Amino acid sequence: MSTENTAQLHTRIVEALLFATSEPLSIDEIYAYMPEEADVGAAISTLQDAYKERGVELVSIDGRWSFRTASDLSEHLTLQRHEQRKLSRAAMETLSIIAYHQPVTRAEIETIRGVSTGRGTLDILIEAGWVKPGRRRDAPGRPLTWVTTPSFLEHFNLESIRDLPGLDDLKASGLLDKSVALDSALTMGDLFETNSNREDE
Amino acid sequence: MNDNQNTDINEDNLFSDDDGQQFNLDLEGYEGPIDMLLDLARKQKVDLIHISVLDLARQYLNFIKQAKDLKLDLAAEYLVMAAWLAYLKSRLLLPKDETDEGELSGEEMAAALQFQLRRLEAMQDAADQLFSRPQLGWDVFDRGMGFDLRTKTEATYDASLYELLECYGSINRRHNASQYRPLDLNLMSMDEAMDKLKNAFKDLPRKGQHSAWLTLQSLIDKHEKDRIFSRSSLASMFTAGLEMAKYGDCEIRQDAPLRPIYMRAKIKEEQQA
Amino acid sequence: MSTENTAQLHTRIVEALLFATSEPLSIDEIYAYMPEEADVGAAISTLQDAYKERGVELVSIDGRWSFRTASDLSEHLTLQRHEQRKLSRAAMETLSIIAYHQPVTRAEIETIRGVSTGRGTLDILIEAGWVKPGRRRDAPGRPLTWVTTPSFLEHFNLESIRDLPGLDDLKASGLLDKSVALDSALTMGDLFETNSNREDE
């Protein structure tokens, strides 16, 4: 078999694999099905090109590859949609704070929102599979941090966290600073001693 | 605290009684004082960077006053914010007190508030942007008929030559075992040995209570061809000797290891008599 | 939008539909999701052509359409996993009998083992690549004989089948005979000569 045909066969195998599974596959997982000499990366870029203008597209999510219906067809696909629970504003805000500020502690989320997080807000996000506990912060009390999951990226069609909308602008404008600005207004402690406390943090 | 800060209520005419009612309903939708301040700021339709923090503080305090007049239950954080804003307002309006060392100036406090508002606004906008993206299972769909990929296990077997040979040996053993017959050996019984030993002692000359010594080996027929019988004779005779010695009927002697074993009969009192 | 573009859009929608639905769809069912003026039949044949040489193909089963992985790829879509296994005692014994008695029929193997050979015992040896069918025995019923393969020799590091230790070798090594102890007792030298013999040592 000529090289071209071999490459073509490998591309077809990768295509079939990715088409068959609903779970995104990593390059390593694909290699498990392929002969060692196969160039999976080349096969993937060939496929990505081939599906550029089609009703289905090949997307990368957190380093894993998967076919998805083309996003521009959204309005035309009147398929039975998964029931979408309307998230509360609190949950949406909390999710975006976790996404843009991760890893972030609950206290930091509360600082940014200027309000204590009601019971159930994080629960809803965890249940949706979009956030999970990250490492504990190396700080007094070792508070737990929260991070987003691969399902979050998958759900919002993001290749990685770096693709969050407007992330670079937010970074540049300094708005991804998690520090306390108005702690005095947000705690019931002594209103006028708080400014000096800030330096301890 | 808040009651002392009623100075600007009438000066700010932004909110009629009707608006106050509206606000009353809206309060339910606020996620906290910062969220409410942000909403007030947005209503001014000015970029947050250029917003008048003083105006904002006035409006907020106005709201709180109206809410109190309506006997609305306000969460503590709204009251704390009102106090903080009242303080901010006074800092902004009054001349700087040089003795207030280590405290933020009114301008710094205003900047902090502004940052807080801009940061929350950024996150709210980000949430809107995030949720306006195509979402999986809503706008974008994954493979409906996905199947789990099959796994075929190919076994490789391992065995050593030893195992192979051992197995073959065991088959042969098993095979022979099915035809096994006990060997029919000609052996000297204990009874027979005992009789022979006693007879041999009888023929020996006596001195006092003892017979003369004899060697164990002299008891064995040297012409016996059956070696197994010879050996069993030796063993049985020796055992018979030990048995007699146990009852005091004989004595056994060996001068050194591997030297000949001597035996003699011992005649008891009543036998002598 | 030009006619061509509309047709193209409709084809893309049909493609996305067939990709995303969990059941094969009939033309009528597809129409339910499409604008009235769409030509679903044309879309399907366009797609069928487009997927002709790919890793995925559009097939119709009982008048319903769905994407399937290309049938010639099925062997590539199965993950090969290697597993080291231990041969069963029965298989080991059967193998040793074939090795020593080849060519040997199944009935002869059973006679030698003294038990009937379970189904699968020979299969395992064939799978391991160590035995293969030999000639048929020139006897009533023309029974098949079994012989060892070159990979048997290779695995057990034997130059040829003649290198297998003979029965005498096995006996001497203690692998074959149980009566070794009694044999040695029976062949030992004369008891009465022992003392003098010892001195010779």
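The letters A, B and C name the chains in turn, as written, and every chain counts its residues from 1.
Note that contacts are C-beta pairs under 8 Å (C-beta built on N, C-alpha and C of every residue); 3 or more make two chains touch, one makes a residue touch a chain.
Here the structure is a predicted model, which is why all the values come from computation and not from measurement.
Central chain (C-alpha centroid nearest the global protein C-alpha centroid): B.
Among the other chains, C has the CA centre that is most remote from the centre of subunit B. Separating the CA-averaged centres of subunit A and subunit B is a span of 31 Å. Separating the centre of subunit A from that of subunit C, both taken as means of CA atoms, is a distance of 44 Å.
Computed from the mean C-alpha positions, the centre of subunit B lies at a distance of 37 Å from the centre of subunit C.
Annotation for subunit B: residues touching 2 or more other chains are 141-144, 149. Within subunit C, residues 16, 19-21, 67, 77-79 each touch two or more of the remaining chains.
Those residues of subunit A that touch subunit C in the shared complex are 9, 11-17, 19-20, 32-34, 50, 54-56, 67, 69-70, 73, 76-79. Every residue of subunit B that touches subunit C in the complex is listed here, in rising order: 141-145, 149-161, 163-178, 183, 217, 220, 222, 227-228, 230-231, 234, 258. Contact residues of subunit A toward subunit B in the complex are 17, 19-23, 33, 66-71, 74, 77, 79, 81-82, 84, 87, 89-90, 92-93, 95-97, 99-100, 112-116, 154-158, 164-166, 170, 173, 175, 177, 181-182, 184-188, 191-192, 195-196. Considering their complex, residues 29, 31-35, 76-77, 80-81, 83-85, 87, 102-104, 112-113, 115-116, 118-120, 122-127, 129-131, 133-144, 146-149 of subunit B touch subunit A.
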